[in-house]
Amino acid sequence: MKADPSVTARPRTRRAVSVTFRYVLLGIMAVIIGFPIYITVVNSLLSAPQIAARPPTLFPLHPMWGSFATAFNQAHLGIYLRNSMIVTVLIMVAELLTSILAGYAFACVRFPFRRTIFMLCIATLMVPMEATIVPNRQTIVELGWFNSFPALIVPFLASGVGIFLFRQAFLGVPRDLHDAARLDGYGHFRFLTRIAVPLNRPLIGAFALYAFLSAWNQYLWPLIVTETNGVRTVQIGLRQLQALNVDQTNVIFAGTLLAALPIFVLLLIFQRQLVRGLTAGALKG
Amino acid sequence: MIPDRNRSRKWREALLGYLWVLPALGVFAVFVFYPLGKAVWLGLYRTPPFPNLASKYVGASQYGSVLSSAPFLHSLERTVLFVIFTVPAGIVLGIALAALANQRLAGIRVFRTVFSSTVATSTAVASVIFFTLLDPQVGLFSYWLGKRGGTGILQNPTLALPAVSVVTLWQNIGFTFILMSAALQSIPDELLDAARIDGAASWFRFRSVTLPLLSPTVFFAGVVGIIGSFQAFGQIDLLTQGGPNNHTLVLIYYIYQAAFTNNNYGLAAVLSVALFLILLILTLGQFWFLERRVFYGRES
Amino acid sequence: MAGVAREFPDLTGEAGEVMTDQGKISAVALDRVSKRYGDVEAVCDLTLQAEPGELLVLLGPSGCGKSTVLRLIAGLESPSEGTVRIGTQVVNDVDPKDRDVAMVFQSYALYPHLSVRRNIEFPLRSRHFPSNERGELVLRVAKSLQIEHLLDRKPAQLSGGQRQRVALARAVVRRPAVFLLDEPLSNLDAQLRIEMRAELVEMHARLRTTSIYVTHDQTEAITMGHRIAVMHDGRLQQVGTPRAVYEQPANAFVAGFVGNPPMNILPAHITSGTANSGGAAGVVSANFLGGEIALGAEHSVALRGFSSDEVLAGVRAEHLSPDPEGTIHATVSLVEELGDYQQLACRLGTGQLVTARARSGAGTFATGDAIALAVVGEVHLFDPVTSQRIGS
């Protein structure tokens, strides 16, 4: 079968043009968005004088990895990362625990004033951390927790978002499953741990991701309750890093990469939970 | 005998309920409700000009004077400007990128990865990178923008807030892109196919089918973006510290300065309450909206 | 208790439980049980017993309280009043897991995150059966239900019928003393439902476990139950064998609910044959369906104690046939060909619709035909006020 060239050629050219156009657009946007990260990587592999040299080096022909070690050790990124990891993991685990327990209780356990107490928990969504920093810092000082891990962790042991999400999820567990398990002698605790929790693994993954990200990225609170490197988290560490001299810009860039690395790895692993995990917190004011 | 057993069973169940709710409730009591009340109360006391003097009870008058003061109105204006600079542009850019990347083209995954890559950066990471790139001495962006030496962009009163906004935009674009992409992909193909069969050109199709279906997500991104911008602190602290000449002194940074630079807790408390009320209205608006479309009919 | 208990000569015992080679088989008895939720009375003063080894069907429209009865027996709800007994024991205060009952849910209630094997094993695990015994029991029950090839799948990978079998397997596996089945077939398509009915009856015949089966489908009830307990608005209407319930409905509700098509029930006026209406004793006639009909002599006695001439009369479709001599005039509005006979929906002169049947020998009818109908079988009379049956 022969195609009539006059009929097919024009749409084909037009399509080719439009595809090229799209690639050009995509390319421009990718360069704009990707460039800051790209140049960060490049600069972290250069020496400080190379970074300052003009015209700039856009491709490191002789990468030098030393800046990472310097950032990790001399600029204390290692300690900051360790602190962040401790704080973040503890917050994430605790938030999961308290949210799952409370969410389940609000969904499936009967007790007086359940609705009122639930509304109180949801009301916390409307109180932003930023509005309570002044009294909260005083509380931390009064408790003798200033510049310590408890100051970074304890205020975040519970999450209104988590309670809300898990309550919704547990309300969605069919009543027949409860009944079937009850006939086999499962009380609330065993039903929760053996059935309700395994059933909601995707939500747990998404919420864990959300909790991790928001704890890891905290800035204001750690800034006002810490003052020494021993307890500073990596975000505050970056503030120290930024103050480094012009002759150490390579270390600054390497440090930002080190600080972003754990999140980058986490997002790669949890790609499937990404959207839900990122939007979970959108409930929060 | 029967009611007795029932009662004890019910009581045991209630006890379990309270026990499981207690940890969360305890944390909320100490770190949410108590400080909120205390902030309101602190706002009734004027912090003395010199340390070690007793603070003075002035009642609601401090609220009146602070909330009508020029610095507060200035910070509010800066905050609103910051919202205007970041939120609409972020959403438009997010939709454009999502639409651009929502095509069956070879290698599209690479572009998607690049577009979503900034979710891995925290505010601090983004700020430090841009701060260094905008450094008037060694910053590459300063060099390209012809600003080598002299006053840097972040030190320029006119350009500082737009610059901070661009950094914020960049840092948020990954999130907005992912959000919009997910929304785009959830639009059923049949709808777009139907529009195609109806002869709609691609721009018209986008405007008349895709955008309306995207509108809940746009609303959502809008509210989240506005709330987020009101809470934006890290980029201000790292890039400009409220300067130059208070040109980036947004409300949250004003609170921080009042409380922790000037130790004026009374002032900070009043500002905190104002921030809380503003965000409360925004959040309630969001809840009202979500209530209507997401949680419809799912109350117990 | 109305109705005739099905005979189980080798099983029925005074004690309420019987040991067989299959294990313990218990009777289930509810004595004056009520269940209220706030102001709503879901079950009202219910007295009912399932004999050991019996398959008792609880039949009624949705919302009639039949599922609540099942949940009361299972222990998922506790009665507001009355006692529930399983075997010889009053179980009001016994935990569900200690009642030795198993339940099949309408939604099957399979644990979505567990494999079929783990689902079936679940009741054994939670009762700490040793693992070697568990494996053997699961395999045996899976084989008997022909699902052994599905053991490693997750419920989501199964068809509706397969899920149904898994749910059954999970209920059967530990040989409970009582089976409770809550509309187990209602989520299956029509064909599969008929197959599963047969299988359930066969399984029951094999295990002879006392079973209480809840359904709103009267065909299911009639085909499967040894006895049927009809419920309506939380109250027991009638208990009896399918035949007894079909042939001698205790009230107008049962008459209308059991049987397909439903019995034609319409007001009738007694014109002669009773004390009130005069005429020869022994021959009762009534104006019914717009025609004058003669009722059987047995009604004469029953009606003697009845004060009014206005009654509700019911006649089943198979007892209402076209007959040139018939006194009831109607127009055929719909014809359903059913092989041996035609089922006719007929519009009466009064505008009401009744169902009649024409044997294939009696000629064929078409929509629009004007016909005469005659009552060729029993007419059931009900009190229009209480809707209770008049006479036997």
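Per-chain residue numbering starts at 1, and chain names A, B and C are given in the order in which the chains are listed.
By definition in this document, a residue touches a chain if its C-beta (ideal position, glycine included) is under 8 Å from a C-beta of that chain, and two chains touch if they have at least 3 such contacts.
Note that the structure is a prediction, hence the values are computed from the model and not measured.
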So which chain ends up in the middle if you average the CA atoms? A
Maximum distance between Cα centroids and chain B occurs for chain C
Could you please state the distance in Å, as a whole number, between where the Cα atoms of chain A are centred and where those of chain C are centred? 58
Would you kindly tell me how far, in whole Å, the mean C-alpha position of chain B lies from that of chain A? 15
Which residues, counting only chain A, touch chain C once they are in their complex? 174, 176-177, 179-180, 182-186, 195, 198-199, 201
Chain A contacts chain B in the complex at 19, 22-23, 25-26, 29-30, 33-34, 36-37, 39-40, 48, 51-52, 54, 56, 97-99, 101-102, 104-107, 109-112, 114, 117, 120-121, 124-139, 154-160, 163, 168, 171, 188, 216-217, 219-220, 223-224, 234-236, 238-239, 241-242, 246, 249, 252-253, 255-256, 259-260, 263-264, 267, 274-275, 278-279, 282-283, 285
Complex contacts: residues of chain B adjacent to chain A: 10, 13-18, 20-21, 23-28, 30-36, 38-39, 42, 97, 100-101, 103, 105, 108, 110-111, 114-115, 117-133, 135, 137-138, 140, 143, 148, 170, 173, 175, 178-179, 182, 220, 224, 227, 231, 233-234, 237-238, 252, 255-256, 259-260, 265, 268-269, 272-273, 275-276, 279-280, 282-284, 286, 290, 295, 298, 300
Footprint of chain A on chain C - complex, ascending: 71, 74-76, 95-98, 101-103, 105-109, 111-113, 122-123, 126-127
